[in-house]
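Encoded as structure tokens, the structure appears first; notes follow it.
All chains are identified by letter, namely A, B, C and D, in their written order; residue positions are counted from 1 within each chain.
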Amino acid sequence: MTVRIGVIGTGAIGRDHARRINQVLGGARIVALSDVNRASAEAVRDDLAPDAVLFATGEELIASPDVDAVLVTSWGATHEQYVLAAIAAGKPCFCEKPLATTAEGARRIVDAEVAEGRRLVQVGFMRRYDAGYVALKQAVDGRIGAPILVHAAHRNPTVPEQYVTPMAIHDTMIHEIDVLRWLLDDDYVSARVIFPRAAARSHAKLRDPQIVILETAKGTVIDVEIFVNCHYGYDIQCEVVGEDGIARLPEPMAVQMRLGAKLQNEILTDWKDRFIASYDVELQDFINAAARGTAAGPSSWDGYVAAITSDACVAAQEKAGEAVAIDLPPRPALYS
Amino acid sequence: MTVRIGVIGTGAIGRDHARRINQVLGGARIVALSDVNRASAEAVRDDLAPDAVLFATGEELIASPDVDAVLVTSWGATHEQYVLAAIAAGKPCFCEKPLATTAEGARRIVDAEVAEGRRLVQVGFMRRYDAGYVALKQAVDGRIGAPILVHAAHRNPTVPEQYVTPMAIHDTMIHEIDVLRWLLDDDYVSARVIFPRAAARSHAKLRDPQIVILETAKGTVIDVEIFVNCHYGYDIQCEVVGEDGIARLPEPMAVQMRLGAKLQNEILTDWKDRFIASYDVELQDFINAAARGTAAGPSSWDGYVAAITSDACVAAQEKAGEAVAIDLPPRPALYS
Amino acid sequence: MTVRIGVIGTGAIGRDHARRINQVLGGARIVALSDVNRASAEAVRDDLAPDAVLFATGEELIASPDVDAVLVTSWGATHEQYVLAAIAAGKPCFCEKPLATTAEGARRIVDAEVAEGRRLVQVGFMRRYDAGYVALKQAVDGRIGAPILVHAAHRNPTVPEQYVTPMAIHDTMIHEIDVLRWLLDDDYVSARVIFPRAAARSHAKLRDPQIVILETAKGTVIDVEIFVNCHYGYDIQCEVVGEDGIARLPEPMAVQMRLGAKLQNEILTDWKDRFIASYDVELQDFINAAARGTAAGPSSWDGYVAAITSDACVAAQEKAGEAVAIDLPPRPALYS
Amino acid sequence: MTVRIGVIGTGAIGRDHARRINQVLGGARIVALSDVNRASAEAVRDDLAPDAVLFATGEELIASPDVDAVLVTSWGATHEQYVLAAIAAGKPCFCEKPLATTAEGARRIVDAEVAEGRRLVQVGFMRRYDAGYVALKQAVDGRIGAPILVHAAHRNPTVPEQYVTPMAIHDTMIHEIDVLRWLLDDDYVSARVIFPRAAARSHAKLRDPQIVILETAKGTVIDVEIFVNCHYGYDIQCEVVGEDGIARLPEPMAVQMRLGAKLQNEILTDWKDRFIASYDVELQDFINAAARGTAAGPSSWDGYVAAITSDACVAAQEKAGEAVAIDLPPRPALYS
């Protein structure tokens, strides 16, 4: 069976997912497109999805009997409404980050999915599908003993002026929040933020870098350096210290060169290149689950927990140095 | 358009390619299967390709108007006849190694394709599609100056008793023969083999390890260590020395661990894992070209040159220490 | 001129330094020995320093006109008295850690040296002489821009039962306290300790591992993982994040092996091997300065600051999570 | 006892060894100097060895009853006569490379030493004292099984115009010739040289790079890349392939940096820095043995074998591609 997919939101990421589904992955076809900017949807149809029908609204697309599953890649503020509509229609739905713009919105999606009684939503936390993190998880689960500490770093070469301090959590750290919870199979109980002096390349509304310290229910302590003006490259580091040893996230594949008195590998500078292969795996997982009428991978619950944790981290930024508690409601059985 | 593919030979590799096409890749479907062991073809149909029709012979499969393109994954001795039939039918054809069991057989395929006037054959030299070699080629082409030397190694942990000295060329070194020629954009002019004492884990009919030295038309010298009883792992190394610097094939991605007084990465032990991702890229390239009615990637000419070079290397094994000339006929314009 | 050195305390470290001076280094000779256990001093004389005269007390040794400079390698509780006596005698004095058992004691030494008006004391912080740290300091000073963050780790495979939580500061972290201050050319203003769950290999009186977070006067934040039951090896890590890039302490030299499906280097397990070469450099520096009648390298002031900082870190252990201020008195001009 | 050393030849290396002995190492003093350029000897006396007496000739220096041991660091053509004189005087003698300018000359030294009946000569093959090679030898002897293959490289960034093809053996490869023989505890039986096209940075009288292939008595095959115009740095590589695994010479210690989109270590560019620490260890070994009236480390025999092997390699350059036999006379018992 070929899963017939409708895409709501045909901007850069929506277009790229459409290309993936029609040209790279197996088992699905783009049959429907919708965007507030109709010309954008037309262009995607013309370039990548000649069979796709255009719909005036996301809701109409979701309602179409020719659409089996939905990709929500529209503007973040509209995610909640489309995901809720997809759940109501009983259709598997892949939603890019954020699941909703507030924790309350994410909670409404969780409640709707729980009421529906089956997984229908996959959130676009692609790092769980990265081969490096998957290999790291195998090492954490089987080689180094129970984890006690995690040292992580998320570094960007630069950010634009409009990037302000809370965005270091909502836009940047959000990936560590999800992937480390998955890596450790654990939940967070507190967040604390420590600021060194600001980097010279930072600006008035951005305290950068920062160290976010998370404590988990099992007692693991995680320190994450977030440094979005690090200048030298886009660099993701993760080291897990266990009872018996330490495992480190692999560096991206690179040709080692001996050149100009340097033994050197290139470091990526564009975040889009870092996890590019994981988008394919992520969407194939969505397609495969959608073919069975359900969803797999990062769930609504994961999106909701990420939202709660992010809010706590932003609160912790405001109370620099102090621990802010993270109180999670009970996890519904659907997500156990 | 979906390319309708028929598979001739449904053993391990045929089955795996069928899975790839129907479950992983986009743009093609398995519509036909054939195997001398009909039960094998039936099993692939039942497990992976429910829409496929079974044919009694490869020739009938090739002749079917419902088949757009052909995969030849049968027993090596039958490759030539099926590839020739596919060319005669004007259908794109992917052929696993070897293209033919003799250089003469490969030459017949080249001649048939040249007569047909367009590329129809892709040979299964998958390393050209490996992300590591692709990155290495970028470095060789643009970063380290013109190549002068190549140091390579191809190591297997162990081989069975029936693996004899010439197989070190035909089954093992064959991959370096093709990929280094592609990497350097060059042709070989001589081969020489130097044998150290045999490894203790070798056996009477196998001189192992060995150093094969190839000289190219542009004057580059390549040394390849072939060591198929190296014991410690399956390990492929390649280092290119250029006028300005050196580039090295990336090691496979691995989690670095600190464990038991060792800073350690795992080394693969099974050759099937080493280039596994490249099979997907290779077949997608075949599908994409087949959709345009042609073939891309490693050509019949490449298969023919590999056969001539292999024969010279085996002759060089017999004349240990002496250089054996490699005389290539002129390259037809079709492959320029 | 050959510097005539007397050694007070001929236990393991005193004996080893005597060997260094008489057999490895240039410019000095052991001429005097003293130990509360006379047999120990006799053995060192017989094995390593045949020309040495034995003294009943350290004070007598210091007073001897044949002694130009003194090594204090006795039991820690006696360091202060011998160092004060050496200063009073105007003789250069090398003192192993700790300079004194309390910050007040160290202060008395500082005051005495300031009163004397010249540097006479070198404290045995040998890491400043390690080739790796020296190279790291060059990178920090000239390559990566002004430092903003430091990530460090000090890991031991195991510790005995009598090793309790404050010893993680006084015996272990003390090295990071001194070397990072030197590396950054900065002073500490606060300490904070964060404890994850205790490792299974820890014991009731030891909370292990722990993260010590130091903030400096220039606003750099340092996180040091101390993990003395890490099991896998003795491992010292240090990474400095600057405005322009990151520099990392070199790993100890090791042969890379491909063995048993692992790409592996050995990690040391005995702390004594890690900085062994730096002891030679450290003592040569002492000899060279002593020949000029003075002292170089880590000063009394550095020992005093380390003591104050250690006390603050222990206080921070007791107030887990809270920042404890580190108030340093003004630095005397002698140490500027 | 302090070994009283006389230095014959006070150019760059003689001066540096004098500094070592008087300022860095223990157990010896420079008491005598001689140079054809008396001003050079005076300058070394004034700067580094105030106690040294100047002698008009090396022979007079050797004859002096105040000289216990001799360093021969004069012009290469004079080495033989001074070494023979030292042997005749029964004094330990350290001789920089070459031991003699011909194999016959080296043989005369061997014969004289054998006649004397004890080791008196150490040849300045310092790599045997390098910590990296020592660690590699431990791995070769105990970890990777019996050696079968060695891959080595000796790369210089550039050489002057007067450096011609045979110098690649006599001045460059000579180090590999000695150290690999020591590493493998083996002797050479043949040499072969293979030339790729010359590098663009080479010149008319220098074929560069080249691959020298040595075969040993135990059947190990060694390939050494010599590339003295490699441009990027001074780089020494050595990898030993054994029955069970592979061991690799450690890279020189370097700070890993993340800077300018590169993960980078510095590569040395000046050969003098590469083995600088090994000179100290080498000379200390000489001093320690001289104190016992004998010599240790690389022997006259090693120097003689290196000369014979070098001659064979140069002959092999002239017969590019062909194997040239290396016939060693029986090893005298003195060197077993």
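Things to note:
Here is the rule we use: a residue touches a chain if its C-beta (ideal position, glycine included) is under 8 Å from a C-beta of that chain, and two chains touch if they have at least 3 such contacts.
Here the structure is a predicted model, which is why all the values come from computation and not from measurement.
Chains that count as touching both subunit C and subunit D, per the definition above, are A, B.
Comparing the chain pairs A-C and B-C, the larger number of C-beta pairs in contact belongs to A-C. Work out the mean CA point of subunit A and of subunit C, and you get 45 Å between them.
Distance between subunit A and subunit B, defined via averaged C-alpha coordinates, is recorded as 38 Å. The mean-CA centres of subunit B and subunit C are about 58 angstrom from one another, to the nearest whole unit.
Multi-chain contact residues of subunit B, defined as those touching 2 or more other chains: 232, 244-246, 254, 258-260. Residues of subunit A touching subunit B in their complex: 21-27, 131-132, 135-136, 138-139, 143-144, 244-250, 253-260, 284. Residue ranges of subunit B in contact with subunit D, taken from their complex: 145-146, 148-149, 151, 192, 194-197, 199-201, 209, 211, 213, 215, 218-221, 223, 225, 227, 230-232, 241, 243-246, 321, 323. Subunit C contributes residues 157, 232-233, 235, 251, 254, 258-269 to its touches with subunit B in the complex.
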